[in-house]
Every structure is written in C-alpha cells, then in structure tokens.
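Below you'll find the structure I mean.
Chain nomenclature is as follows: A, B, C, D, E, F, G and H, assigned in order of appearance, with residue numbering initiated at 1 for each chain independently.
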Amino acid sequence: MQTNPSSPLVGILMGSDSDLSVMEKAAATLQEMGVPFELNISSAHRMPDKTAEYARTARERGLAVIIAGAGMAAHLAGVVAAHTTLPVIGVPLKSGALKGVDALYSTVQMPPGIPVATVAIDGAVNAAFLACQIIAVHDAELAKRLDDKRAETRTKLEEKARKAKADLGLD
Amino acid sequence: MQTNPSSPLVGILMGSDSDLSVMEKAAATLQEMGVPFELNISSAHRMPDKTAEYARTARERGLAVIIAGAGMAAHLAGVVAAHTTLPVIGVPLKSGALKGVDALYSTVQMPPGIPVATVAIDGAVNAAFLACQIIAVHDAELAKRLDDKRAETRTKLEEKARKAKADLGLD
Amino acid sequence: MQTNPSSPLVGILMGSDSDLSVMEKAAATLQEMGVPFELNISSAHRMPDKTAEYARTARERGLAVIIAGAGMAAHLAGVVAAHTTLPVIGVPLKSGALKGVDALYSTVQMPPGIPVATVAIDGAVNAAFLACQIIAVHDAELAKRLDDKRAETRTKLEEKARKAKADLGLD
Amino acid sequence: MQTNPSSPLVGILMGSDSDLSVMEKAAATLQEMGVPFELNISSAHRMPDKTAEYARTARERGLAVIIAGAGMAAHLAGVVAAHTTLPVIGVPLKSGALKGVDALYSTVQMPPGIPVATVAIDGAVNAAFLACQIIAVHDAELAKRLDDKRAETRTKLEEKARKAKADLGLD
Amino acid sequence: MQTNPSSPLVGILMGSDSDLSVMEKAAATLQEMGVPFELNISSAHRMPDKTAEYARTARERGLAVIIAGAGMAAHLAGVVAAHTTLPVIGVPLKSGALKGVDALYSTVQMPPGIPVATVAIDGAVNAAFLACQIIAVHDAELAKRLDDKRAETRTKLEEKARKAKADLGLD
Amino acid sequence: MQTNPSSPLVGILMGSDSDLSVMEKAAATLQEMGVPFELNISSAHRMPDKTAEYARTARERGLAVIIAGAGMAAHLAGVVAAHTTLPVIGVPLKSGALKGVDALYSTVQMPPGIPVATVAIDGAVNAAFLACQIIAVHDAELAKRLDDKRAETRTKLEEKARKAKADLGLD
Amino acid sequence: MQTNPSSPLVGILMGSDSDLSVMEKAAATLQEMGVPFELNISSAHRMPDKTAEYARTARERGLAVIIAGAGMAAHLAGVVAAHTTLPVIGVPLKSGALKGVDALYSTVQMPPGIPVATVAIDGAVNAAFLACQIIAVHDAELAKRLDDKRAETRTKLEEKARKAKADLGLD
Amino acid sequence: MQTNPSSPLVGILMGSDSDLSVMEKAAATLQEMGVPFELNISSAHRMPDKTAEYARTARERGLAVIIAGAGMAAHLAGVVAAHTTLPVIGVPLKSGALKGVDALYSTVQMPPGIPVATVAIDGAVNAAFLACQIIAVHDAELAKRLDDKRAETRTKLEEKARKAKADLGLD
C-alpha cells in the first residue's frame, strides 16, 4: 500500500451516538489490526446532506472502505452506498422492539447495482475484520496479520477448551 | 383550498418502473377523488440527488403530500422524509423473497423526528385515500367527497352481500 | 388556521392506562411544537361505543388529526379510522409476548378505503411529528417550527458526535 | 335445546365478499351437522355500525355463537366480541402479502376481558365444528352427531390409508 | 343449569407446574365469575395416557369446557381435543427462546375436525372468560354476570383515565 | 444385525394421505439403502388411540426407528415420542398458510425428556438417511453403504458441475 | 453393546466456551443415564480442520453419536455431519439478537444426504436423551433405564401437581 | 493491478447445480464489468474437503474475492470464510419452504473473526458488483467503469420513467 499510514483507510459511520457502544468495537478491532480509521456520527435521516457529502468524497479523501452501523429502519449503509462505489459494510444494530431484524432487512435487501456488504446484527467486530480483509487484498503484510490473528484466536480457544474440560473434571 | 386546481397537490414517487403496476392504483384513486397529482420514478439509491432535490423543493412547488412506494430495503420514503417536513406516506411493496416484510420494516421503523406514514404492503389505494384525508383537513368539499365515497363503498358491499347470499340460497 | 388556538387540533387516544408511559411522549412533543391537543383513554374493545362516538364527532369538534396507540391485537386505530375521514395515526405498542409485531400488523394492514398512517412500534414521538406535519400543510408558521426543530436536532447531534469522538480520543 | 330448529344458532360473518370462498366451508359444515345458521358480509371498517348492531342484538335474536372471518388487519372478530358476551370464533384469513400471519395476530392477541376463540388460518371448517361443540355442551344429540362424525372421518382416513399403501405396493 | 353447583364445569389443565403462575389466573377469573372448576397438571408428552383418559371421560364427569395451557411445542390442547368433543380452549404459553410463537402455532394450527379455541399467548384470563361465555350460552344468569363484569371493567377504566389525565394536568 | 431382514426396522408414519407425495421419498430412500420399512397413515388427532398403540408396541414389533411426518400443528412426532423410547424422527411438512414454520416449531420445540429428531421442512429424504445412520451405528455393512452413497452423490455432483461449466462455456 | 464401557460412546462438541453453560446439561444427562461421553470445544469456523478431523475419525474411535451445539449461524452440526455418517444431533443455541431462530434454521434446514437430528433451541438435555435412545436401539438395558427414567419423571410431576393443587387449596 | 488479466480474480462457488440459474447472473455481471472470474459447484456438505481446499489455496492462486451462493442451511460462505482471509461474499438463495430466510440467517450471522459479506436473498448481481468494488479499491480504471455503469443505469431508469409516464398519459 502506497497510502500514508496515518491517513485513514476505513471510515466508521453511525446514525446516532447511542450506537457508539457497539460501533466502538469496530474501532478497537481496526486499531488492533493496525489499520488507520476515522469515526463519525452522521444520521441518514437527520443529516442527509452531510452523509451524502461524506460518501461522495470518501474515495478522493483516501478511504478504501466505509463501515456504517444503524438500527431500526437502518438506511445509513444504503444511503452511503448510493453515493460511492467504495465497498460499504453495513452493521444492522439491535435496537427497538424488533431487536435488529428490521435493521438487518433494511441493510441487506439492497436493489441491484447498489450492494451493501452486510454482517451480523451488532457485528461491529466482523465489520472491521471484513474491512481489513478487503484492504488486505493488496496488502500482503495485513493479510499476514489477519492469518496470525486467526491462529492466535484458535490457540486461545484451545486453551479455554482445556480449562473448561478441567473445570468439569473431564480431562 | 386556494391552490390552482391543475397544480399537483400529491407527488407519487416510486423506486423502479416495476413498481408501477401497484403504484398506479394510487394515481387512479386520486384521479377518482379529484385531487391533482404528479407521478415520478426516482430511486433512492440509483438517483439519490434527484430524489433529495425532489423532496427538498416539494413544498415550494405546491405539493401537500408525497407518496413513496418501494420494495425490499425500501429506503425511498425515509430518504424523501429526510429532506422535507411535508407528510410522507410510505407504501411498502411486495417484491423479492421476503414478500414485503423487509419493505414494511424499512419503511415504518423510522427514528424519532423523521416520521413516515406507513400503509399496508402494496397499499397504494390507501396511500391515496390517506393523502386525500390529509388534504381534506382544510378542504371541506374533499372531506364531503370522502364521506360520500365511503357511503358508496358501503352500499356496493351491501349489494354484493345480498347477491352472495342469494347465490348460496341463503336469503 | 382559523381554529381557536386553545381548542385541541390533535386527539391522542390509547386503549389502556398502561399505554400512558409511551403515549405521553406524543403529548410532550405536541406541547413542544405548540400544537393544542387532548388526551383520552378509550379502549376499542372495552369502550367500543365511546370510541366510535369520539371518532364520529372528531371533525365537528375541531380535531384535525387523531393519534391512536394500542398494543397486541391493536384494533384502536382501525376502529377510529372506520368512524371518521380525518387522518388517523396508529402507534403500535410493544406489549405482550410478541413485542409489538402483532400490534404493527394489526395497525398497518388495513383494507382499502380505511387507511391508518402507521408509525414505528412505540413511535409516539413520530406520531406527534407526523400530526404536526399534517397540520403544517396549511400552517406555514408550524412548518417553519418543524424546520427549525430539525435544524436544532441536527446541531445537537453534531455536538454529541464531537463529544463522542473527543471521549474516544479520535478528534 | 328449546330453540326453534329453523331459527339460526350460529351467525357467520365475514368482512368482504372475497372471503366467501373460504367461509362458505363453515356454512357447509354447519349444514352437514344440522345446525341452523345465518351468513352475512359486514365489514368491521366499512360497515362499523351495522357490525356493532349485529353483535349487540345477537343473543336476543337467538344466536348462540358468532363466527367471524377476516384477513389482513382482521379486526372483525374483535369488534364483534366487543359488543356481545356470546362466544365469538375468529377465522384469520390468508390474504395479502403476509399470508394470514397478520390476520392471526390481529384475531388471537385480544386484551383481557374480550376473548376471541381463534382457529387456524383459513380454518373455517374448524370454526364450524367448534361452534357445534359449544352448542353441544347442552345438546346431547348434537354431541352424539359430533362423535359419529369423528368416527366416520377416522374410517374414511383408514380406508384412504389402505388404498395409499396398496398404490405403493406396500400392503 | 341443572348441574350441581359444586361440581366442576371447567377443567383447567397444564403441562408443567412451571405453567401455574400464568394458569392460576384462569382459576382466579373462574372463581370471581362463580363458575366451578378443577385444576390439574397433566403433560401431553410425559403423561399421555392420563391426559387422554382425562379428556375421554370429561363430558361424562360433567365438564362443559376444558382449558389447556402449554408452552413450546404445545401439544396439550390438541391432544386433549383429539379425545373429546367438548370445546377445548388452548392457552399458548410464553416460555423458551421463541417466546410463545411456537406454542401459538402448535395450538392454533389444528387440522380440520379437531378444533382448539385458541386465545392470546399467556391469555389465561381470556381462556376463563371464554369458558364462561360458552357456559353462558345456556345460563342467562352467568350471561348477566359477564355483562356486569364488562360494565364494571369499563367504569374502572374510565376512572383510571380520569386519574391519568389529572396526573398529567390535562383535565 | 440379528434382525430378520424382511421384518421392518423403520416405521414411516404420516398424519394424512395428502402427506404421501412428500413422505414416499423416505420410503424410496430406505428402499434404495436396503433397509426394510413399513408405512402407515395415522393421525395424531383423528386416530389418537391407534397412533399411541403403534408407538407403544413399536420396539417389541422390532422397529428400530420411527419417522413421523405432519404439517401445521404437527403433533404426530411428539405424540409418538411420548409413547416410546425408540428414536423418533420428525418431518415438518409445508402445508397451509404458514408453509411449514408452524410444523417445524411444533415438531422441534419438544420439552425435556421427550426428544424428537427433527429434520428440514419436507425433509423426508434426510429422515430416511438419518434412520439409516441410526441403524448403521451397529450395522457396519449399512455404514459402508452410506459412505458409498455419499461418494456416489459427490461423483454425480462433480459431473453435473463439469457439465454446467461446459454449458456456460467456462471450462 | 460390546464396546468397552469406559470408552466414550457420545461426543459432545460446541463452538465456543460460552456455550458450556447450556451444553454441560447434555453431559449431566448422559452421566445420569450411565452413557460414557467426551466433551470438546471445536469451532466450525475458527478450528475447521480440527473439527473435520474429529468428525472423520469419530466412528473408528468408537463414538456412536455426536452432539453439536452452536449459536447464530450455527454451522457446527452441519460441518460435522459432512464428515461422518454417524448420527449427528444439533442443538441450536439461543445467543445474539435473533435468540436462536438463526441457529435453529442453520441447524435443521440441511440439504438431502446430510441430515442433522435437530432438537429444541437450548435443548441440550433432549440431545442427550436422543443420543441414549439411539444407542438403546441395540442396548436393551439402556432402553430399560430410559423407560425407568420416564416413569420417574412422571411420578415426580404427579407429586408436584399434588403439591401445587394443595398450595392453591384445590385438593 | 499487476495481475495477469486472463487469470481469475473472483471465484464464484455454489452448493448445487440447481443454484446456477441465480448465480450465473454474478458471472454475467463480472463479464460485463471486465473482471476475470472462475465458476465452480462445490457443496459445503457433500464435498467438504474440496471446498476447504478451494478456499485454502484461493489467495495463492491469485483470487481476490470469493462469492459463495447457497440455500437453506447455507453453510457454504461460512465454511469458505473459515479457510481463507480473502473477502468472502455470501449470497443467500431462495429455495425450500422458508424462501431464503434460513439461508440469510445462516450466511449473515457469523461469529466474531470470520465475517461473510452478505448481500440480499438471490442477490447474485450485487455480489458481483460488490466484488468489483472490492477490487476497484486498488484499480482506478475499474472504479471508473463502476461509476460509468451507475450513470448508465440512472440514464436507463430515467428513460423508463419518461416512457412510463407517457404510457399513463401523465407527461
């Protein structure tokens, strides 16, 4: 990657400050993986022009991927995707009475031509990993870090498995 | 109403020409009720700027109500509502695998501050009646026509009921 | 508007006193927007005659819009809509095992001719804003207040966004 | 039963003439079981006063049970139940995009005090059997006919089973 | 009714002792309405023979109605209905991950010939009222008590409405 | 296996002759795998005693597994499971308005102690394979045939894949 | 059974250590029924090779049944089933926003040829009973213990029923 | 891009040849956008080893993105994602009784660490566009083609809109 390392490659957007508790996990994951990012709150409905402007200028500002998290009638990712051909990752958030099913459908069921790469409800961590995987298509070093991270996760899980079996007296 | 009768009071929008077969029923109902309207196809995702512009200028162009029909991740009504404080009526359309449940949730579950007046899935006729009822708040003549229309519907239904019972040999 | 400012323009109805905690947000929003309203508890099932009478006389008593909130088999908005051609806004409430999906379907899936303008589950605030938007079709001053309110909301959200980024050390 | 045999004991109601193709099965079943009935089309929303009047006078007119079939936001059974303490059987009908889930929830999720005895979606036949079972609580002869009918159904099913096995070459 | 008043007319069944907290509301309502009842725990799956026997002998033991409450794959009401032509009222209970949707579908979607009169999820109170309404078809005094109860409920609700408005400073 | 090869090891049950078109696929699969079976129609609700008797005597009659297919409020597998400790495989069938979701929930959500091994909606073929896999736990030859069948399926799929690519001009 | 009693017959797998609180109930039930088992944590996604290896070698290591519990996009049971023709029991776990509906569909809707015997959401106890029932097809003593266990459960439930009725003053 | 233009950048996978009618739209879209691809049928359950091998070697074979389409318990995308850190796009397919809701949940609800970029049910076209957008992060020319394609789509839609209005006599 010829990009200036301090310049953000991933833009994290969310529709409301109440979404921060989930979406900051995307930030933490990107930080851990060493991928520079920026984070903004920009509602598709309450700040439509700012949101459109953000998406429209994203590529020229050097962003490679946009992550958009929103709940209920979650239009944010779709609105962003309408204004850029950068990959847009949608994180449907679990809020309100329908617990995120509404946000999932609103995010994933996009019409032909305007895709949103949707992850699980409240899946902010995976949105960040997916952003890394997209950037790593041309960044062998980051691809290596992703592989290492998987190995590390596997090792930790194996350790937990051993401990769990010991706790149950099953080893 | 002091509005020029030939100037449209209701704007019917839809995201795709494939929505016409349902949405033209809204047009037919408005025509029957004598309410002037315009009809446009403007996708929230494929024509975002035109859609925003349409909504932003709607009030000054003399529109009183906007009806927006869309299927799947139906963002159209919400995107329109984000750009105007005119009442926006959303018609979730039954298309794709989820048969309109996605469109219903995407249309109705709007965040505080940006309401969409949602009607039934494929409820284009009721969207038109609702638009009429909104306009009739200050148009006593239209209110009268709405009452007459209900009486007429009731009479037709009673006639059908009589015929149905006769057909079954139950009268 | 030639209406006496102290005479209510919006009637807020709900089926049970247990609905008050949600529905009083509609009252608070109308108060903030300066729109006179009245509030009543009138169950579609336990007080059917009073409910019908309320709807039937609403227009002549000077109401412009009725907001009806109900949970479970939420028939209130539909029953009210059957007795008036005023715009009726339905608020499906999240109560019981189905968490408001039942109330949403019971409120929004109305048959042709009798529309209910449905908002989100527990969307009492938006019901009030929608009522304001309907009244503002012929009240330029209220339309202005609605625009101002949106601008104010946007400013507050931008301020929260700045604060959130500062808290995360991202500014 | 001291009731005049020719006077109807069961009132079958439906909201629209399009519901007849399903609801006439209730009529056919009652006829087969020898229970006198009447059948009417009376929409909860388009003929609210007639519907209320029908329910309010049902007991004094000699009805023992009311069967109400409706689709979508199926308020008919609930509205009828609000105006009588006779047992009301609700038949949710499969119409529109939601295929009867809306009608099921609108019919069954009634608030405390106003029950609707709900049967399966499009379950008009069972509505009629349930009406018979209710009347048979005090009509030993009808109870006997119900038992006989079950035995007859069982015998027919056993015959079909034998035929099916023979067709498959499995007997 | 010629029945000995102390002999139970309604049999309340449930599949597990954990269902008691909901189902005892049916008992309380029957008690309040002066309808004699019995209450038993009898699982469709863990005590199938006892359950079948209970249903098979219900009519001859003088029962007029059976109320069956069960959660999850709620087969109890259906299994009881298979063994009697008395009216069987099913109460789907909200337990487990699916929160009663499973129990609702398992209870209401019965095949032709074997109806279950289904009430709302956790609707034990309405099951009792429905049982009363069924018995009241031939018990004018109970019908009168049901009417009085409705009037009393209405009065209480009106009183609550007055109090709520006073609390909000809206009277 | 010491069992007489001509004596059935698997009992296929279904609630109605209309279920045959799906359930005969289970028979065909068992036949192909060389596992002797019997097939019967026995409704949980319309033939409860025969069904209970069938289940109760299944083990002593030499059955190893019972496959039960039913639609709507699909109680058949559960009722059978209540009367035997043989493994019972439930096939939820897609019939009626809810398209098998009701049958899936009614079949799979069994209470502790009475399991039903549930396969996909209309999954009669897999019910048969699962029955084979259960029997193959102690039948090495059948286990071998199952492995061979999988290899054969794989080979056929690879052939189809080659053909499909050739058809698309992609090889 | 000729198997060495101390060698495990059932393998309990789960995708994460957070699944232990539910899945250890399967272990407890197997222990109570005297069926030797092993327990492992092996994620389908994070340890795919170990999981495949586990399944591929299961039969030769003497396992008769595998129980696999997983939440959300619960692929574990299906992935295991793809690598063995032993019976695989899937336990969909209630985790995340969709509360186990996702896990249920991911577990039960397997394609023809690769069945998963699915039990209720969080149904770890029944997974263990089903495993016992499968093993008991050729283990008369275990079949006897399963029958005894059912009788014991029935007796306990009857005792609880007596106590509950006494507590309510209904005996 | 330094990649040999004739070497595939996108791998399209599907679980069955019956998925071809939908998935070939992804191929057509990639072809139109000038992005080299390969297409294979490889079932997660019936060819698990080949599928794992395909994913494990994808990056070294020069693939940048994998598109995986599957229906029902759609494990394919997840299984592929478990074996590579390349971006994996999942296309849930509408097959079977649940019409793709099962496939959507099975595809999108992945656990932390193993993301699948999910598009709409049957959204093969968008999967291809998303793949293009991912590749275009480092391919300015492709990014330009994507922008041009959007402009072309917009122009076509505007033309259709004009024609539709003319057909309705509304221009």
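We adopt the following convention: a residue touches a chain if its C-beta (ideal position, glycine included) is under 8 Å from a C-beta of that chain, and two chains touch if they have at least 3 such contacts.
None of these values were measured; they are calculated from a predicted model.
Participant: For the interface formed by E-G, which of the candidate pairs G-H, A-H or C-E is equivalent, sharing more than half of the contact pairs by residue number?
Facilitator: Of the listed options, the interface copy of E-G is C-E.
Participant: Could you quickly compare A-H and C-E and let me know which has more C-beta contacts?
Facilitator: A-H is joined by more C-beta pairs in contact.
Participant: Let me have the rounded angstrom distance from the C-alpha centre of subunit A over to the C-alpha centre of subunit C, please.
Facilitator: So the centre of subunit A lies 35 Å away from the centre of subunit C.
Participant: Measuring from the mean C-alpha position of subunit C to the mean C-alpha position of subunit F, what distance in angstrom results?
Facilitator: So the centre of subunit C lies 52 Å away from the centre of subunit F.
Participant: With chain centres defined as C-alpha means, what is the inter-centre distance between subunit F and subunit G in Å?
Facilitator: One centre to the other, that is 19 Å.
Participant: Roughly how far is subunit B from subunit E, centre to centre by C-alpha average, rounded to an integer in Å?
Facilitator: Using C-alpha averages as centres, the distance is 42 Å.
Participant: Residues of subunit E touching 2+ other chains?
Facilitator: 16, 43, 46, 72-73, 96, 98-99, 101, 108-110, 113-114, 116, 120-121, 150, 153
Participant: Under the definition above, what is the set of subunit B residues touching subunit C in their complex?
Facilitator: 59, 64-65, 85-87, 89, 104, 108-110, 112-121, 123, 125-127, 129-130, 133-138, 143, 146-147, 149-150, 153
Participant: Across the complex, what residues on subunit F touch subunit D?
Facilitator: On the subunit F side, the touching residues are 16-17, 20, 24, 27, 38-43, 46-47, 72-73, 96-99.
Participant: Please output the residues of subunit F touching subunit H within their complex, sorted ascending.
Facilitator: On the subunit F side, the touching residues are 94, 99-101, 120-122, 150, 153-154, 157-158, 160-161, 163-165, 168, 170.
Participant: With touch defined as at the start, can you tell me which subunit A residues reach subunit B in the complex?
Facilitator: On the subunit A side, the touching residues are 15-16, 43-46, 48-49, 52, 72-73, 75, 78-79, 81-83, 96, 98, 101-102, 105-111, 113-114, 116.
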